[in-house]
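Letters A, B, C, D and E mark the chains in the order given here, with residues in each chain numbered from 1 onward.
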Amino acid sequence: MSAQILTVKMENIGNLFKAIAADQKLYLPLEQAGQVQFLPYDPADDSQKVRLDVLNTVRSAKDLFFPQSENMVAFKKQGKKIDIIENREKVEAFTVFGVRACDARSFDILDRVFLSEPVDVSYAERRARGTVVTLACNEPEETCFCETFGIDAAKPDGDITTWIADGLLWWQANTNKGVKLTDKLLSVDAGLFVDSTGEAKALEEQQEKIREIISQLPLHGLSLEYFHKEELKTIFNSPKWQELSEACIGCGTCTFVCPTCQCYDIRDYDTGNGVQRYRCWDSCMYSDFVMMAHGNPRTSQVERFRQRFMHKLVYYPANNEGIFSCVGCGRCLAKCPSSMNIVKVAKTIGGEANV
Amino acid sequence: MQRIGVFVCWCGTNIAATVDIDTVVEAMKYEPGVVHASDYQYMCSEAGQSKIKQAIKEHNLTGIVVCACSPRMHETTFRKAAKAAGLNQYMVEIANIREHCAWIHKDRKEATEKAVVLARTAVAKLNLNTPLTPGESSVVKRALVIGGGIAGIQSALDIAEAGYEVDIVEKQPTIGGKMAQLDKTFPTLDCAACILTPKMVDAASHENINLYTYSEVDSVGGFVGNFNVKIRKKARSVKADICSGCGICTEKCPSRKAENEFNLGLNKRGAIYIPFAQAIPNVPVIDRDQCIKFKTGKCGLCAKVCPADAIDFSQQDEIVEKQYGAVVLATGFNPIKLDNFDEFGYSQSKDVITSLELERIMNAAGPTGGKLLRPSDNGHPHTMVFVQCVGSRDTTGCGKTYCSKICCMYTAKHAMLIREKYPDVDVHVFYIDVRTPGKNFDEFYRRAAEDYGVNYIKGMVGKVAPTNGKLLVQGSDLIADRQLVIEADMVVLATAIEPDQTAKSLATMLTASIDTNNFFTEAHPKLRPVESPTAGVFLSGVCQGPKDIPETVAQASAAAVKVIGLLSKDKLMCNPCVANSNELLCNGCSNCQHVCPYGAIDYVEKEFRAGGKTSLRRVAQVNEAICQGCGACTVVCPSGAMDLKGFTNQQIMAEVDAICR
Amino acid sequence: MQNADREINKEKISVAEMAKQILEQGRADRLMGWKRGEFFYDNSPAVFENLSELDDFVYDLFCGSNLSKFLVKESRKDGKIAVLLKPCDRYSFNQLVKEHRIIKDNVLPVEIDCDGMLDIDKIRALGIKGIKKITVDGDQLQIDTVYGPKTCAREDVLLMKCLTCKDRVGGDRFELVKEIEAMSSVERYEFWRSELSKCIRCNACRNVCPACTCEKCVFDNDKSGIANKANTDSFEESLYHMIRAFHVAGRCTDCGECTRVCPQNIPLHLINRKIIKDLNEFYGEYQAGEDDFSKGPLTRFDLDDVEPDIVMERGGNK
Amino acid sequence: MHQKTQLQAETIRLISGTNTRKCMKCGKCTASCPAFAEMDISPHKFVSMVEHGEIDKLMASKSIWKCMSCFACVERCPRGVEPASIIEAVRQTVIRKQNNNYLRPENIPELLDPKIPQQALVSAFRKYSK
Amino acid sequence: MSIENKEFKPLIVAFCCNWCSYAGADLAGTSRLAYPAEIKIIRVPCSCRVNPMFVLRAFQRGADGVIIAGCHPGDCHYTTGNYYARRRMTLLFSMLDFFGIEKERTRVDWVSAAEGVKFSTVMNDFSKKIHELGENRRLGDLRCKMPIEK
């Protein structure tokens, strides 16, 4: 990959966005009624507020590749005959800017599920057409623990990595897709970027600063060593699940804000004109999750609660070369109504390593 | 999946003129579940019905939709036809394409389109119908009459005559009620006692009638056909079975301080007493609050003098539990308290009396032996003033908003009787309106005014001031537009009447509704005037609204007929379109119970097994015999556990969907 | 308040000490309270069964969660459970007892004092990041962060529900409702569109709501006709909240948990407050959970209730 | 009824806050009135005259100044019509016309009776003048 | 959108109680008192059977107006049903208004079995109001309005 590093002045960042949005949809962390989300950027709309200072959007960048709900197919009755109508949304090329290191890593975890056979066509299509521009975290939060998963908030993955330092946005393409976007931008406006390759001292200083902060965070050094498949049964049978799950109210907040949760349900909706089949996120915390004809395999909240963390910390790694299904973004820490979260679970169940 | 047949009726040209029948039939063929669609000139005719029956058999239909006139017209007809062909009669839906479509629209295209929508709506509903079977419940062949006045006695006698057992519960020591206190009755002036006491005797001696006097209803459970009633027999302190009714005890009782309720406190009675000579049962009762034995432990004179040894100071209240098929409410009335009407001086002068008190004074068996005497000094009055509408037609909250109905007539009666017996007495009647609808009523009133010279004054009395042994009555004569001051010896107040206060607690026990004035509400004010909205509960007499004796007796007999009709059935068929609680969803929150107008919902603790665990939960259960199917409970149920058979949430939503498609 | 059988702290001992005494003296077999979190602000509701477990017990400025709803399950278990109720939580508790959701005999309600709880989200919304520690300094909070010390006014970061505390003279809790009512119909529509389109249907509001204790929620019940898991259409974003608000109408005690837990900070309590305001105005003041016996306003009526037309004469843009 | 009289009647009803239609002509007001002997139009007539819009006659009547506002009629009326409030309203209407004060300050000294309490004087003045 | 250009044909759902208003509608029919065909009646036992959910459902499915008709207060066949309906619907309408839904799209009216004329007047009146308001865009489910196509 090219190690070319480009910069654009922060005050001109609007031009960059406009240039990207010229021929494709651009998703930016925008403010909506007080909350920050990845929303389509509209160059013509001055009221949109770009919030690059906010670390985590409430919903992760996962939404753009695996939306909360999407149509799959529809059925329509004509007299006594049933037509099957494919009405999956067409995916156009798009770019998402401002993805943080943790979210960027979450795509790897989702890819392992959705892109292995049988390939999830919708997800694959979005992954193929979406360009991910990441942004390093200048101000990590106390809830961050991406470091535990070997993620470097100072050098996020993604098709293009960017940093904000010294009043400049630093831009480095990592993949072919990234290079393509960069080239396209340059072809439209050659003066958009300044080539700062080899003059990246400010950038390196910023990276150092980030790493320094991360080493001071309260969750620095969190260990998940205890969680591996050999301990599966011991962990599963731990009596501690009961007390941990007592606070859980069984909502889906943690799963819906989680960048790596990937469960969905397929449902039919009778519109009166026909039946629309769609899929939507599901949460293993729900009482009707994987409801089957005979009923529900996990009848109590403790089982459902355990399932979620077993999946993240044991089952998924067991099937994926030890990679945890968590990126340490800290969203569940911030959002759980009962303040129960993966860190508390990790420390309670796999206690010794964290004492 | 249903196999539905759709039958479109032309109704001659009534429907066919505006709705294109063929289009409707054709459209219905493609509706889900429809396997057959046809039309006919007159579906309700014999031929039309047999077409339906034939199609049901031929196409093996599970349900039918008839597109015709209003279901209020022929739903029953088509249900019967379906039943005859072996279908469940609740697998029939009607699309009203006549009243709601053909008759109100002129444009043929528009009307046809609407008819198609209405038809497919009925199909959509029918797709979710399930066969319903009316439940059955048994009927206990015994009736309970609450209240032993003329209303209760009449109802009881009529029911007993038809061969059914009847129990009368009366809270006083004797039956007879208010009528027993009256002197003469309008407009015939026959003596109340003369016509009532034989009926009282009849009731007491009737083999099918069982009297519970000095008793009250403690609680009511159950429902139509199967009421479970607890009756409290208050302790009389006299053994009714051995008392001979000789009355020696009442004469010898040394306590003479108690006000005689029967004479409205115009004289005193002993602590052991029989309310009046013709009381039934003729058994005395000890007023424990007044009895010296009960107060101090000494005395017991009555026990000593009793030849039958019937006095029992240790008697306790006794609870009798019995089952009844029907309940007649005949709780009657009382004159209101006059505390809010100080201007009439009722509390200041003994000579200001209520009309009911005058009845006792005029009564030959009353405190004055039937002589008209002024209560204050037993003197002969020379001028009497009657005031009408005392507390009636009052919207200020001091009195009652309604007209008490009987006052105009009894005041005319009183005035006439006084003028007849004592021509020297001047009688003035202040009135707002004189209301005399009723057979021979107006003639009666005119007779009082014209033949007997009663002075009727249009106007009201503003003040009654006791002054120097007289009563200064300041009133208005609106016709002459002047203020009058009449110096009277006695003032008689035509006091408003109100339902007995037991009505309220009984209403709660029976879930029979009462109105703002505490009168029992009828199931329908015009068409079901003697039934309460609660099945199996009937209304007799003034407890339903003010009425005179003939009306009371008429209503009492009408209620009796309704009871007989009910008791003559061995089984009661229940409306199958009733609420139904899904116990798996029920939270036990009681919302449904709060809004049920019939008290049809009970809660039980029930064990449930889920996920290998057993848990005890409080769940609602609907008594199908009581539920009338209004659906109020379904909407307040937060979890949707409560649903209404025949009008389920899913069915109604399917109808909405079909209309909006 | 019906509180004859309630524990009231007369000696003014600390809540932790109270909790300890209850278990020590065997007045209850278990105790529902709050457990210290990973940080200082993320206390979780927890059941304590013995004294050693109480080492993690905490009662501080971050115990906003209402414990009443947990008793629906807990009171059905064997033995007696003591529960710590802040003044505002009592309403939910009463309401649940009234609806027979909590088995009263198995619970020892313990009333505890509260000076208002803090909202960590509000602190974060002030742009304060990397929070390590908070100390109360009169009306001010001293906040120690990774990025240096910060301060903010305590009043500014109280939980929404604490700003109009029922047991204190608070502000007008209907102030915002009135503001919305005064908007034009279109403005109201736009306001709710922008708020509700944030909804991710995580069901946190429902699951935390002490009035939502249905054995099976209509939204989870495929037979209810309105079951759904996601806001597939903008209509469903509104429908979910409308139906939820209506289901708790007359039963909602205005405990404010819905707004506290919403990950998208949607002011859900405004919908409930609007309904409470209407109920109060139409049918007389009523506080759900004030007692554990009275009928709610939707399960009773008056003969001379206002007609639905009254709605046409009210609000902005009449 | 003419528009003017209608308006007048409406004003009286508005000021008094009464509904004259509720009257069922029982005459209890007149029967209760201690000032009846002094009156040319009796209280019950007030009600019906307002109902029929005969306000001019009422305004010219002596009765409005004879009513002592003892409120006996208000207290006794079974329908809550409040004749005294109507009379008060008519009185107000008269007084509100310029120079129609029934009582003028200069006339007071000759009416003065040492037995009249001060308060009664003040209230009479308030009632009979603007 | 193809709907835009079409002439506005409203869709109105009327919930009528079996005992009064449905009979009133029958009487309107018998008396040939016309009201627009866009009004379609659903028979329910009592106005208190109308779950607010049904009203929302109708709007979801594309109704432009929903009217609930029941016995006059005091005349309910089940004695108290319409009193509960009155409270619920007042609250529902107020809540819809709070959400910015045009409140005129909802209505409750009391029509007795004898009031055929009133039934027709009420329906004509309501339909006129809905015509003035135009299509219901704020509370409809687009999936139900748009024909399914690729």
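By our rule, a contact is a pair of C-beta atoms (placed from the backbone, for glycine too) under 8 Å apart; a residue touches a chain by one contact, two chains touch by 3 or more.
All values derive from a computational prediction rather than experimental measurement.
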Any chain that touches chain B and chain A: C, E
Length of the shortest touching-chain route, chain B through to chain D: 1
Of all other chains, the one whose Cα centre sits farthest from chain E: D
Reference chain A; chain at largest CA-centroid distance: D
Whole-Å gap between the CA centroids of chain A and chain C: 30
Geometric centre distance via CA averages, chain E-chain A, whole Å: 46
Geometric centre distance via CA averages, chain D-chain A, whole Å: 82
Distance from chain C to chain B - Cα centre to Cα centre, in angstrom: 47
Two or more partner chains touched - positions in chain B: 595, 636, 649, 653, 657, 660-661
In chain D, residues with contacts to at least two other chains: none
Where chain E touches two or more other chains at once, by residue number: 52-53, 57, 61-62, 80, 84, 88, 141, 143-144
Complete list of chain pairs which touch one another: A-B, A-C, A-E, B-C, B-D, B-E, C-E
Chain B residues within the chain A interface of the complex: 30, 32, 610-612, 657, 660-661
Chain A residues touching chain C - in the complex, by the definition given at the top: 32-35, 37, 53, 55, 58-59, 68-69, 139-143, 213, 216-219, 243, 246-247, 249-253, 255-257, 265, 267, 269, 278, 280-283, 286-288, 333-335, 337-341, 343-344, 347
Parts of chain E lying in touch with chain B, wherever the complex brings them together: 11, 13, 18, 22-23, 25-26, 28-30, 32-35, 37, 40-46, 48-54, 57-58, 61-63, 77-81, 84, 88, 120, 144
Complex contact set, residues of chain E against chain C: 52-53, 56-57, 60, 73-74, 80, 83-84, 86-104, 106-108, 138-143
Interface residues, chain C side, partner chain A - complex: 35, 37-39, 41-47, 65, 69-70, 120-121, 124-125, 127, 129-132, 145-147, 194-195, 197-198, 200-204, 206-208, 216, 220, 228-232, 257, 260-261, 263-266
